[in-house]
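Have a look at this one.
We just call them A, B, C and D in the order they show up, numbering each chain from 1.
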């Protein structure tokens, strides 16, 4: 019954928490956690192995790596470098970067809306070499083996008139990368995760992320090559914060009453709004650089 | 008792509504309304005449003109031109532009946060002439009499290390304008006012507006010359939307209960967040242009 | 012999002038001119009909429409609207817009280099509808017949690692437009043409335009659909202005001497530089808006 | 006689070279050079001690430190860090940063023209603390003594209608810094210096720099506090490259002939144009960051 007010999350780690709260263990879902106390960095790997697990988690089968680092919102260069390294290691493993790869990195989102510009901002700082290798060969890079990197900023549907999927698919078919990395701003359930959580998954990008919806999934099925998604929650849906604020209160009410209140309170109008921190400009500048550096590190050697 | 949860509004028209809801008439506050049904534009002039009125409205004495035009969020060029003209007329009157004036226009706010960039965006489209008149005389403008216009984008305190007031005050003392026009994004109480309401006032800018606080007031007292403020609500404080959602619910509770719930629900954390529509980029592009054109029209003749 | 110092032009009207100076008439090249004295707008249509004409003009066979309007660098809104209309008329004719068309507009160039940002800036102001028509049908646009418009800003090779052609080709194959309109900054031979000349051609875009080279041609042969190119010269190659300055001087010298001097003077280094007016920011802001409006007018009715 | 075609340079090191070419030693001008072969960095300190030296060099008395580092145009992070350190050391000495200072950093230039945006870009990456120290005291910074930093981006006269000097002067009088650091793009005589030369001087900024002229000098005389200028040549006047190309050629001509040619060749029109490298966007991104880091290092301790 609550379903119609249910607020969506892009983060597997949030789905997980929901189950833990209910003391439920889910078959086909394996969870590993690592906590680095000194740096206050928690890394969680959720592996959804079965269809049953996928259904329970409301996420496709695959790996979901979450790096939670509250200090990411603080502009400390050394700390950010550590996170870049951590990100690079996970990417090297999940992307199997110990053998040569041709990689297309797509920066999704609207570069004219501050919290949605994460993807484009990350892509702007990447080192590309596909055009050089194509013209002068691998040796032009001073190495025997290199990962070949290209990037695209597809823009958003309201501006292009095209689905993000259509643009990326066309470019993939024309330029034949081995895999796609999609970087995007996500929506979180909780404001406390904003700008300090990085999720890496090999299941692609699901619809409805970030400020604007990319309605068609980018994944191996739709693109024909594996899709690694890197997401950072930068906004919360305005309806979510109202919903959350109500939750405790509602526990004291009868279900019928609750339903009535919620229907009144969470108007469709609220879903056209997003919530983001007032210092989003500075935080995202550092964060996008940290992710770019992680990608550059990961791609810099075979 | 509710005071500590009270959510601030920058709009006189919202203070007014509150009293109307309570069927209270306030001494020393005069309200005139005009509604243009065809264009769906409502213009309200609130004049606060007495200290008592000022106290009741929680706003300084002076004039507050509010243009409410729901269609401002629609990109219709002709409609926007009508609003520019309406804005120009009000400015010509309140600024007494039938005699020559030296005008400094300040675009307040952070140009790197989409909904806070309104002030800088407006200022970028203004026609300035002070440097030309200073070097070649009024006749260089092809007129006998002109308003002399200069502009400044002071930036925000977190970036400059200085109060907005300090920068504007220094520039005013050095360049001696007759009056200052300050354009700024405001915070509204209600999401339905976002990006379709323009407030003009001769009382200056009060602290705590928009995304980031300009803590010291810009007004005739602090700057030594009259300050006309043009404000558009582009954000709502995240705490506000929770507060509003609760309001109806709370009416059913005892006061003591209510207080307890509110204290739990509206955390200080929420006050570091803002809410804004997902299409804020497009809406503000048109809106800032509409306001620039209104200013350009108002200043174009003596 | 002079060939190796020859400076390239993207403008057919400049090739034409060269021949006129030499009092040469070229077979297979038809030229029509119209001069609007009141507005000081000169429109030239060069039609290259034969291979011989193409060889002489160093341009592919097809139509080249040039609108020369010196006042385009002046910020006069009414004048710019006239040019938008003129542009729209030519586009309606050359694109045969009296029957429904699916149009992809590509904004070429580097949006981070002021004079090269023309293409992206034009595209940002276009009205797109492909996603709406695809989801809700033509009637959603309030018409029986509409042109279906989508846009892309592909970025530059140094950033993407891909040829512009590869990106556009992929998107064309995926989204199947009837034709492509490519908007780009061009290099002119003469500084006096900068920012006040618009060239429309149905022959596509040739390599080596503007600030950065798009090395592979975008035309019907490479893309499979007709390509209309709209170009505005915004830069001159630095080598060109030296070459031009020398020209008169060189006429007084022996050919052998001349060659020697030129070899010394026009170093390869100069070809890595471009020349552009100091007020390029303001001029391009108005110009890109004028072209966007021309496109919007042309596409607004069948 | 040549005077009217003489092309101006903002770089003392270029004035010096001119004299060296002529084998002239100038009384009252002391020159020290240091060359770091490994990193290919040449540092030149020109001290103009007498009025006679000032007249000969066409520059005010004072210190001019020039760091020439050809590799600055290459995006090598470690190399850039070295240059930041070198810059920081010179600044600490010339600004006497071993005792507490209140510093206002001004980023001059037009942020909408790529090669002129150096000053604003540098300022955007600076760490400011004046507002924190003013509100919470020095201890809030975790130190006993700190340099107090504030920044301003004044904009350009064509946009503000005010001289840069007027704005800075007003802010200086209101906020009372001990010294001003002005960062600006300069014009060089030679394209080979572009984006790889940093000049630091304690004589302020002279008029006519960069893309747009700041006509009134910013120096101790005009502002009342010492002015340290940090400049990087990012453009060459278009007339200059023609002039230079001609120079060798002209040596073969009679003076009368020469004058005639130059009058024809270097038209006033050319002075409204500037020349800059085609990769100016990437180069300036790294360069402005390098200078910001140098300033942040210099200011980070007393």
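The rule is simple: a residue touches a chain if its C-beta (ideal position, glycine included) is under 8 Å from a C-beta of that chain, and two chains touch if they have at least 3 such contacts.
Please read these numbers as outputs of a predicted model, since none were measured by experiment.
Peer 1: Starting from the defined contact criterion, work out which chains touch subunit A and subunit C both, please.
Peer 2: Chains in contact with subunit A as well as subunit C: not a single one.
Peer 1: What chain is the most remote from subunit D, judged by the mean position of CA atoms in each chain?
Peer 2: Measuring from the centre of subunit D, the most distant chain centre belongs to A.
Peer 1: Report, in whole Å, the distance between the mean C-alpha point of subunit A and the mean C-alpha point of subunit D.
Peer 2: The mean C-alpha positions of subunit A and subunit D differ by 43 Å.
Peer 1: Roughly how far is subunit B from subunit D, going centre to centre by Cα mean, in whole Å?
Peer 2: 39
Peer 1: Using CA atom averages as chain centres, what separation in Å is found between subunit A and subunit B?
Peer 2: Computed from C-alpha means, the inter-chain centre distance equals 37 Å.
Peer 1: Enumerate the residues of subunit B that touch no fewer than two other chains.
Peer 2: In subunit B, residues 158 touch at least two other chains, as defined above.
Peer 1: Which of line, ring, star, complete and other names the graph you get from chains that touch?
Peer 2: Basically the chains close up into a ring.
Peer 1: Mind giving me all the chain pairs that touch?
Peer 2: A-B, A-C, B-D, C-D
Peer 1: Which bits of subunit B are touching subunit A when the two form their complex?
Peer 2: 110, 112-114, 158, 191-192, 211-212, 236, 238, 241-242, 245-246, 248-249, 261, 264-266, 269-270, 272-282
Peer 1: For subunit D, which residues count as touching subunit B in their complex?
Peer 2: 124, 128-132, 148-155, 157-163, 166-167, 169-175
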